[in-house]
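Just passing along the structure, written as structure tokens.
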Amino acid sequence: MIIVMKEGASKSEIERVMQLLQSKGLGAHLSEGAEMTVIGVIGQKEKVRELGVEGLPGVEKVVSVSYPFKLASRPFHPDNTTIEILGHVVGGDEPTIIAGPCSVESKEGLIEIAQEIKASGAHMLRGGAFKPRSSPYSFQGLGEEGLKYLAAAREATGLAVVSEVMEPGLVDLVADYVDVLQIGARNMQNYALLKAVGKTDRPVLLKRGFSNTIEEWLMSAEYILSEGNPNVILCERGIRTFETYTRNTLDLNAIPVVQHLSHLPVLVDPSHGIGHSRYVTAMARAGVAAGAAGVIVEVHKKPEEAWSDGNQTITLEEFDRLAKQVRDTHRLVREYQLEASRS
Amino acid sequence: MIIVMKEGASKSEIERVMQLLQSKGLGAHLSEGAEMTVIGVIGQKEKVRELGVEGLPGVEKVVSVSYPFKLASRPFHPDNTTIEILGHVVGGDEPTIIAGPCSVESKEGLIEIAQEIKASGAHMLRGGAFKPRSSPYSFQGLGEEGLKYLAAAREATGLAVVSEVMEPGLVDLVADYVDVLQIGARNMQNYALLKAVGKTDRPVLLKRGFSNTIEEWLMSAEYILSEGNPNVILCERGIRTFETYTRNTLDLNAIPVVQHLSHLPVLVDPSHGIGHSRYVTAMARAGVAAGAAGVIVEVHKKPEEAWSDGNQTITLEEFDRLAKQVRDTHRLVREYQLEASRS
Amino acid sequence: MIIVMKEGASKSEIERVMQLLQSKGLGAHLSEGAEMTVIGVIGQKEKVRELGVEGLPGVEKVVSVSYPFKLASRPFHPDNTTIEILGHVVGGDEPTIIAGPCSVESKEGLIEIAQEIKASGAHMLRGGAFKPRSSPYSFQGLGEEGLKYLAAAREATGLAVVSEVMEPGLVDLVADYVDVLQIGARNMQNYALLKAVGKTDRPVLLKRGFSNTIEEWLMSAEYILSEGNPNVILCERGIRTFETYTRNTLDLNAIPVVQHLSHLPVLVDPSHGIGHSRYVTAMARAGVAAGAAGVIVEVHKKPEEAWSDGNQTITLEEFDRLAKQVRDTHRLVREYQLEASRS
Amino acid sequence: MIIVMKEGASKSEIERVMQLLQSKGLGAHLSEGAEMTVIGVIGQKEKVRELGVEGLPGVEKVVSVSYPFKLASRPFHPDNTTIEILGHVVGGDEPTIIAGPCSVESKEGLIEIAQEIKASGAHMLRGGAFKPRSSPYSFQGLGEEGLKYLAAAREATGLAVVSEVMEPGLVDLVADYVDVLQIGARNMQNYALLKAVGKTDRPVLLKRGFSNTIEEWLMSAEYILSEGNPNVILCERGIRTFETYTRNTLDLNAIPVVQHLSHLPVLVDPSHGIGHSRYVTAMARAGVAAGAAGVIVEVHKKPEEAWSDGNQTITLEEFDRLAKQVRDTHRLVREYQLEASRS
């Protein structure tokens, strides 16, 4: 942390800041320049970030320079993390392809979708049983019944299943049925929930909150990792910006950044990211070209009749093309990565 | 909802959309212009908003025109809602003033702060016992012990106490100790939590999520109201923008907008809103001038030694001035509002 | 500027950065901690900010800590700048009140508005003669004819007149007719234009770009000041955020921040800021309560028939009330400021 | 345009709105539902968008449904626009690759870079002679001298050259030297400049403003097209969001959207878009995978010694790899597009 003093801060003001730091057991390093004086603070990251010195006389501003995450950081674990789920390796040589309806609707319909996406090369089936809806009057999901349908679809196809869990009290129930626990964007900073999934042995798909920085996202991963669960899969699903044409702004910049800062695998969700079915395939390709380990997309037999999110859902035919294009693009990128690592 | 067809959409494409709407029992109203064709959809709000017609051939875009909240809306309850808490009326003739430390630290310290802020005119004491921290390694609050200190401070001063609850499983515990349950910004769309506080008889202070629209905020209020708890106090606490000088951007535009759309009282939190102690008083005044029913601010005897949020915490002396300025400004605005309602 | 090295950066990587800095004549200050190494760079601000060291091996990131503006900064000119225009002092004891139609339409209509707003206490008349319109097919303003009407309205009422100039080649023409040159939000970083108005002796009303940081805004003021024109009036007019209910988000946080960092007077424009006439008065009050030196608002006899911006334009009756409320609120704030400066 | 009336709006309020519309010669279409009444307005796009009815009694809000651009729109020109520049076709079968230093520095250095990038497959050389700098004290470019160096580099290599023009008065000068006129992000809504380049016969590279919507971007293209210059190349270069790790957020969502709405070719600028050299190649690939017609990147022999933007500039070796990866990715996408057009 760097403390920037005001131009014209007095010796005694500088002294007071230095003393406060030392009294907290933190190292303080004074640099006096012609135009400004800065104090570098060194010590335990958390302690340093807690300091409230900005209101002291003579202090202009406080600038944070270190990252607060550890277990999620690349220096802590230099190699990429890979996670095996029902035989498929997330973060491995093949891109991970997850697809399914926004909400689980009927058992037969779900199994049919599962069979179709499997034929197109999907590795996992997604489907919401507990749905976070901005309106209390909207369909809230089939609940445990929906989880049973997901389990039945796994039975029928061998696909792993992914579903969202929204509250700590339901983590065990959902974990009984699914292979991957999803934390939705709205709950990315629901710390009680993060701790609860961190205590299970299920891989966790952690979506980025739609207004959370990359640092906050990795801190939420840190919550899960610090509870003992090493299997966190990150998922970029679009951030909120001033642009209104698209539902969200899928932030592909986050992909190479996260791979630089962290060892965790990262997927993209172009369906929520751009929010209109006609653009989903282009963004899926772009996500993988940016370096993502795979995609998660919303698919339905008749998107216009889906119980939720129909506007961003693609058809099974579109999915078949998308899956092929994702594989081709991933193969290309994988080659470049291998070349780079050899050089 | 309005469905905008592409320029050049064919008769049969328009027909297909009309038929889908009618098959769902929704009224459809066709307007054909020289340059474009639009279809107005009328019916149950929730049903209309669920429709996924955007992927159909010939459809250009779908525009939502209605508000999805009901119980929180002004037409549903034309008069302002007022909420009495230990003798003080939120939304009444006097501005509501809530103050206290970010985190509850010690019992004696808390009682001392409570006595001081009461002398300056505060109506309620705030203090975090369960703290949402972006780092798992940061101080997470004293928990139930902190709640006991809050209750002791109420005992000693008669001030009502406000504290945050972060998970459904703890709602009953927190409600046993406090007068007002706070929902923090990060949990504004934690629907399980909203439902849980909606089932209690405690007033709820609902902070706006830092990237949530006004509409989403009122929808979260709707979750609480629809469970039977009518006592929701809204609180604007800053949104996330591109500006980095301030911690957040306190969105005072939301104050008159919320008062137009809803009957619920709304406070401002300038401490989190702007994030630097030196600007808190100016923003508290501005919030009340915009029409807010009061303020909630972070106060500490020695902000630089606070266990959290020291940079945005003001001293007791600064609070005394802030409280006076808030009362003066509120008196002025109240007069204008009375004049307006008489005319 | 602070250069943060990667965890595990080698001695030779650190050495290389130090050498590069020294070869550029910059002071470098090394702080090696257990968890990270940072290098503080001291020297001419501009030189330091130009450095491109981030791509060097071992460098994690570069953090800027100093402000790049000088003439606009508070330390350079500790007292508030005041600017006298036709007898009224901007930044003085009375709030500055500027009003008028979005576009200049007719001579008679303009003079009538000028007389009415003068009676309500306005100090200046605003009106667009050259209009920046996002569509080439929209009304682009009356041009020089409009400037003549503004001059006629000044003649008739004694009000100073403010109008926007959009290109360097027209600065002299506009300056011949008006008392204050306005730089619109879209042109805040049109540097050729900033230099051109900096060469005149007319006060400049510099609107904040709708996505410019406070620092960039003050840098644009610096462009004008550095050409020799000391009379810059800042104007906050709303920034672009994710919120769509309001046209922009009037950023009142910027008011106290700008007053802390700079000596220049700052106004608010609630009409563009919130974009709906029904909320303009509340935001005008809030702006002055936050510490603004005054307001600029759009007024029309019949807003629904205005040639542009009708939705955010208030009537003459609403303006009369607004002006009174702005004066009352300003009086209150002025007292607090005087008290504070005495203590 | 849709006018949404308040719940409970009276017959006479609705009548008044209808009359105002009819008096302006606009078609009005009334839809009365149980919960709300909406009025659809049909007529000339510009006229409809100018209306200021929102302040009328009984009006809740006004929603725009049509796009205001014509010449830039896909329905106006269904086929993709292609632009031939010195033998290379922008928007054709090969991806367009433009590279060069942020600022033109020396003649020899520039020619050397031009030779190297040509060998790696670039089609054009970029370089700033007139530089938009946020500080008046920063290096502002070599001016006409820089243009001469660009012309010399074209002479030496046959590469077309691209450079930014910042004011209407310099358009002719810059057009004398360069093959493509660049409009920078800060000038995207500098309408006088747009009109001036629209009057030349030089292709224009129009960068998206960092906070401009896709609609505003296409409207700025419309300004150029409506002056008679059909050769506009769009360039996405990153938007401003809350994320601070990256300099900007390269918005790849804009690529497929722009291709849907418009016939103009679109490039991406990953250098400004993400702002750190280590991520530029990944984002270049992702841009082309999203469907961009090519890339423009900053390249320097020694980025750490560049006179500006060193942190986001890649080396010549990195550029060589980037160019290859862009070509490979483009080939893949081109195939998918051809397949799609055949089906």
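Residue numbering begins at 1 within each chain, and the chains themselves are lettered A, B, C and D in the order written.
By definition in this document, contacts are C-beta pairs under 8 Å (C-beta built on N, C-alpha and C of every residue); 3 or more make two chains touch, one makes a residue touch a chain.
For each chain, UniProt lists the protein as follows: A, B, C, D = 3-deoxy-D-arabinoheptulosonate-7-phosphate synthase.
For clarity, every value in this text was computed on a predicted model and none was experimentally measured.
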Result of counting contacting C-beta pairs for A-D and B-D, higher pair: A-D
Intercentroid distance (Cα basis), subunit D paired with subunit A, Å: 30
Rounded Å distance, subunit B centre to subunit D centre (Cα mean): 38
In subunit D, residues with contacts to at least two other chains: 45, 211, 240-242, 244, 278
Touch-based graph of the chains, sorted into line, ring, star, complete or other: complete
Sites on subunit C touched by subunit A in the complex: 2, 4, 6-8, 27, 29, 31, 33-36, 38, 40, 42-43, 45, 61, 63, 65-66, 75, 211, 240-242, 244
In the complex, subunit B residues that touch subunit C: 211, 213-215, 239, 241-246, 249-257, 260, 273-274, 278-279, 282-283, 285-291, 321, 325, 328-329, 332-333, 336
In the complex with subunit D, residue positions of subunit C that touch it: 20, 45-46, 49-56, 62, 68-69, 132-139, 166-169, 186-187, 189-193, 195, 209-211, 216, 219-220, 222-223, 226, 240, 276-278, 303-311, 313-315
